[in-house]
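Shared chain: subunit A. Partners: subunit B in the first complex, subunit C in the second.
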Partner chain A sequence: MDFGNYLALIAPELLISISGLVLLLITAWVGDSAARPVSILAALVLGVACFMVGPALLEGAAGPDTSAFAGQFRADGFAAFAKMLIYVSGIACLMIAPPFFERLGAMRAEYPVLILFAVLGTGIMVSSGNLITLYIGLELSSLAAYVLASFLPGSGRSAEAGLKYFILGALASGILLYGMSLVYGFTGTTDFTLIRAAMALELSTGALFGLIFVLAGLAFKIAAVPFHMWTPDVYEGAPTPVTTFFASAPKVAAVALTVRVSLDAFGLQADAWRQIVIFAALASIVLGALGAIGQDNLKRLLAYSSINNVGFILIGLAAGTPQGASAVLVYLAIYVVMTIGSFVAILMLRDAEGSYVENIRDIAGLSRAKPVIALILAGMMLSLAGLPPMFGFWGKFVVFQAAVQADLILLAALGIAASVIGAFYYLKVVKVMFFDEPAGVVQGRSETGHWVLLIAMAIIVSPLGYLLTIPLGLLADRAAVSLFLLP
Partner chain B sequence: MLLTIAFYLFATVVIASAVMVIMSRNPVHSVLWLILSFFNAAGLMVLVGAEFIAMLLVIVYVGAVAVLFLFVVMMLDIDFASMRAGFVRNAPLGIIIALILLAELVLGIGAYRAGALVLGTPDGTAAPLMFESNIESIGALLYSRYLFLFESAGIILLVAMIGAIVLTHRERPAAHRRAHQDIGKQVRRKPEDATVNASPAIGKGIDL
Partner chain C sequence: MGGLPILSLMLFVPLVGAIVCLFLGAHAARVTALVTTIINLALGILLWASYDIGGAQWQFVESQPLFAGFSYALGIDGIALMLIVLSVFLMPVCILASWDGIRDRVGIYMSAFLFMELLIIGVFAAQDLFLFYIFFEAGLIPMYLIIGIWGGDNRIYASYKFFLYTLLGSVLMLIAMLWMVNDAGTSYIPILMQYDFAPGVQNWLWFAFFASFAVKMPMWPVHTWLPDAHVQAPTAGSVILAGVLLKLGGYGFIRFSLPMFPDASAQFAWLIFTLSMIAVIYTSLVALVQSDMKKLIAYSSVAHMAIVTVGLFAFNIQGLEGAMIVMLSHGLVSGALFLCVGVIYDRLHTREIARYGGLAINMPKYAIFFLLFTMASIGLPGTSGFVGEFLSLAGIYQVSSFVTIICTTGIILGAAYMLYLYRRVVFGLQRNEDAAAMPDLNGREWLMLAPIAAATLWMGIYPESFLAPMRQDIAVLDARLARVAPEYDSAIRIGTPRPSAANQVTDEHGAAGAGDAHGAAAVANGGIAGEGAH
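== the complex of A and B ==
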């Protein structure tokens, strides 16, 4: 065993965990007055981690050289792509959190530390090459997420969100573990490559049950229908910066993990899981769109929007080709940008007393009070709807293209038809902001950090984002290929 | 010979203390009997050569679980009269459970007579021992092949601990200051600071 090589492969994880421990000591000694410096240091650490995964992403690392600890950990291009998205969303959540919590008098220095450990867990998830690694990464990120969801003291909704997330997350973990035990029992191994080899010839009924339970447990984590029930409540109840985190980093990790498990461990039995993925995709698109229509809370609306978007992502997975996996990655990258942009815009809406505005009613006529925020939020909504001038259209385009080329024309047609339903409620938000009588609720100024993030995300989502299509597609293609180099 | 004596000693104490767990009237005594039972079970494990399990029994069960039990039992205010009240009503259910356990015991002894289970790897051969003792073998695996997972699991426990502290430990600065006792201030206090000698006129009140 070449330990030096292994340590080099897990360098980003080592950096994040060691700096997490050091920052934890700082918070323990200095106390909550260190919250801001610790947040800045944590963001810097994630920035450095971005540069550490950069080379693997650029050269599309693949093959046996990228696997460490007897295949338990994979530092390939696919993992690097997902980690880059995770680290960037972690930095965004660290930037927007201090003003929010300070205004509510609830900033604790443990917040950046917990975000770091959650990011570490999600990073382990996307790098897993073994069922045990998968579970440990998942639990690490979930445990930190449960605490983050109930981070606001004295807020009943925040505590409810944390408890709900915890109970349903524990249930999902139970389902996942049950599936993993069946897969282990019927294949005799927990290693993805060996499971793939054991399933190459035939799929026993027990292993099929295991596969279904594993996918059901993962569907909980990515909030795909029919395992989506927790999403609106948790997204609404959790503090907004934490909701931003939930909608970005763990979602990217869970989707990437699902893609890896499906294409790698269960890759030779694609027929067994394709129908499940197709059902979850269509059901998520339709239910996400229909459920959003009646909502009057912006965070709930975005929760349904995330369910809807997961449906489109799963269409790319259903294709089961390198092109499909690449489409999933491109969609994820655009989705993270749109999500962070929308939540940052919501965070910038405050009323005269300084409390945060979340109701759609209250943003009526926002275009007159805050024209720039209204314009950018409208751009985000149109992009989430997938209307052509915005960059969100490109994500949907590549996903449907991959589905059509994998001969899933009916699925693609149904998906496109269902996305029209989704456009309704996105357009409703735009209509309320631009054409309704001003409610005059939103006032006050916003922090510079929020503006920087918002404008950066807005530029990527705007038609200028199409300049990124070629490099983004190239990187995603390289990353996706690293999943398909197996025997 | 010594082994046999030790086995019967440990086994007798395990069974006797297990009986005392359910027989003793005082729940605190029950937990103490349980701890004795765990210790002797650990002794049995040492006798069969599973010293790692023996240490786990002592550290985890005696050190953590049983002490936790003891705290819970001491904190709960249990009304024993009401607990014994339902004995006749629940007796049939208890008898059924006892019969099931008896059947399991008979079957278990029968299966044992038929021959012991052979543990091994999926291809039928027994797994080779890498080192002399269990602890060395487990340690060698945990710190080489499974090092990454082992350390990550440690971080999970750390996050759980941070979470428990963050969610339950709330500082209340105002209340804290009120409750704080400043002995120097108490000692410095003089009678003149606290008492006033007043001589109000008859029929008039006094302004405090």
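== the complex of A and C ==
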């Protein structure tokens, strides 16, 4: 394969990085008055990028033709599926941000640029075929994310979130790097395919340690228990549009990356990592659910909810089969929609002074003041809880189906039983909005852009979403199979 | 059957009504909901009328491959038909019952009820395992809202308890379903009903389903959510809860547990019998000491449902038919009793039995309706309650005399608590002036109670109308269960008769040939009788 083909494979990344640099120059010269145009341009760039990964997604590209730069970069169907989700959530986060920051007088033109670079990094993560590519993508997205977390000037909480994210993120990167060095030391390569081959016959103790450290570093990024502690603080402290971003794009990328590393690089030593994944899955489900019960901040609640949901996603990974990988992708797609929907709904709640409402007590009786938002937020909560007929049920369904097909019946049974604990706090939000007396805090009108996004997400999450199960399942199946057809 | 997809239409009509109601004012929402439920009632009657008794087992079959992993497959047999008819019959009554009582957020309330109707019909009509599960679970959400928003003082607790209890019961069923579909390769219920799972696995699957249906039913000791939910729910919520939602458990047993896991069902029949016997006696005694009318009727529901479960697990035709009729009858009668409570609750705003008394004097028409439903609940001949309980007990008597004796005792206790309730509320002195000043039934309340009373008497006097559509399906189920049906402990054992009567004087000179023929015939008879007993 020649260089031209390689460039064609990384075309979306090229587009995003070049436009990111150009937009950065524009912001440098024009200043913050260009914030809105730059946001729109950035969203357009991501929209074009969606179309560029579209063909690979639709045909489920797989095999050697999708591998660029000697296997360092993979533009297969799996990566395309994850990138599509990442780009769409990037667009959503660009849409919701300007009204938020303008209201606080903090809109700066760097926001869309940072989002672009974070998206670029997450895109590289999901396409990585080599530990080095993995690390570059991870750091690129993380560095942008650290800045985004502390994007609100003068806000102590935002600065704290950024600092906390940075320190713990650096620690996780360290753990990951240490694991990678061990893997390299004991297998002699950083290439996923070659690691797989080197681990085919036996797994030396050193390589096992490497595997564990790599998974621990990745568990930090996906916020799985026991590496979840940063999540509530960062989610609460970061500005809400940024929290929305954290809960969607980097989460998708980290989960997809974990799946790729586990099934590709460590694919032949599934027994070595399965118990780790099973533990992390069950612990995340239970701790995510229990931790959420005492929360009175909506963003913290959603942080625990994301920990909880990652647990379910990991059940699909534990299955270790193409069905499991497909289930993970389906779950991710639905999860992104639910998360964006929930955060947008929260963004639309403001009190009389125009500041944003985040406390659960303040949304008491919301069903009277804002019936539509209350209804949609309730739908999002029930969907996050995985209750039929909301579409969130489908994510849990495919994950548990994969687990049952892989004979992990006990895991499935424990996971679903623990999901009842989670149902409690989701119901609590519904209860506060519908059963309690109105607190009368939420007032004012919401932006049209928010409404559009909210209603679009609500339609997908509603039972109408089930009509998507066939195309979604087909795409996810193809994408998952591409992971197993090794280049 | 024609080209009209009645079942889809019956799902579609309430869906449209529910969405429209969300955007309407109070009065418009009431009217819309009533019209919607009446249209659905008409469709239900059409469904019953065009159901071909003795025809194909599954009728009105529809199937669309709309979803991945499961399909939109609808279809009903006689059992589902009767339960659908019961549901659509009770729905307009529920709307009428909430006509004046609900004043707050009427649009959402009516919408929740119509969604509930959609989901209930969906549960009974679903022919796909996962479609069933989605409808089955989704029913929790509107009921949660109905109890939580429009319930009594302790509504929050009751709504949580209702939701989490039933959710915990049914999540494991999903895992069992996933396993079954993985094993059998299809999620189509009629095929699964004929599929033989390995006996060892059946036990696990049976328990997973049992956990769900036992909570829904509810069986002792997992019934505790029911009194709370009933007491806190608004009147119409109680009616639909007792009238239809409790039937989901019984329907689950008859549709899933019995035909899909016959071996496990037979193996755990003793468990069902034990729990049911405890339920009948214990909850009847608990009902006897209640001071809250709704709670009393709620406990009586648990006792009646225990009669259903023993009937189902008798594995014979009488038992199964009886269980179905008890379910239908209980749907009408307990619904009507909750309406009766609602009628006086609307006037005095208390459910305390002691606050009432002597209502026969100022509310004679009300007293007559209440009496009829009380008698039907007791199981007086001529009412629907008698038919069902008699058949159920006749069915279980063939299996175990002991269980029958205990369950019959429950019926006597049932008479005790219902008559005691009736005496305290309707007869006796008029202790309170405000209770004595209550006006008799108004037109709307007549409209609610009279149709149910008519249906109760119809089912009591001519149950054939209700039994006929189910007969064939119950025979199919009985044939499926025949392999595992238990020994009859009270079966009549036919011995081998003597070749001749005891006092016959043998005539040695008589027709020897005739005597031989007689003897041979007797032996042959004995042989057949012996095989029959075997």
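Convention: the second predicted complex is superposed on the first by the 485 of 487 C-alpha atoms of A that agree within 3 Å, B and C clash if a C-alpha of one lies under 4 Å from a C-alpha of the other, contacts with A are read in each partner's own complex, and residues count from 1 in each chain.
Here is the rule we use: a contact is a pair of C-beta atoms (placed from the backbone, for glycine too) under 8 Å apart; a residue touches a chain by one contact, two chains touch by 3 or more.
None of these values were measured; they are calculated from a predicted model.
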Taking the superposition on A as described, I'd like to know which of subunit B and subunit C A:L302 touches: first, second, both or neither.
neither
Once the shared chain is lined up, is A:S17 touching subunit B (first), subunit C (second), both, or neither of them?
first
Answer with first, second, both or neither: which of subunit B and subunit C does A:A207 touch in the superposed model?
neither
Name the contact category of A:Q401: first (subunit B only), second (subunit C only), both, or neither.
second
Looking at A:M381, would you say it contacts subunit B, subunit C, both, or neither? Reply first, second, both or neither.
neither
On the A-aligned overlay, A:T469 touches which partner chain: subunit B = first, subunit C = second, or both, or neither?
second
Subunit B versus subunit C as contact partner of A:F434, first or second or both or neither:
second
Taking the superposition on A as described, I'd like to know which of subunit B and subunit C A:A219 touches: first, second, both or neither.
neither
What does subunit C use to touch subunit A in their complex?
22, 65-69, 105, 108, 119, 130, 133-135, 137-138, 140-141, 144-145, 148-149, 155-156, 159-160, 163-164, 167-168, 171-172, 174-175, 178-179, 182
In the complex, subunit A residues that touch subunit B:
1, 6, 10, 17, 20-21, 24, 68-70, 72-73, 108, 110, 113-114, 117, 120, 124, 132-133, 136-137, 139-140, 143-144, 146-147, 150-151, 153, 162, 188
Which residues, counting only subunit A, touch subunit C once they are in their complex?
367-368, 371, 375, 382, 387-389, 393, 397-398, 400-401, 404-405, 409, 412-413, 416-417, 419-420, 423-424, 427, 430-431, 434-435, 466-467, 469-470, 472-474
So in the complex, the part of subunit B that touches subunit A is made up of which residues?
122, 144-149, 151-153, 155-156, 158-160, 162-163, 165-167, 170
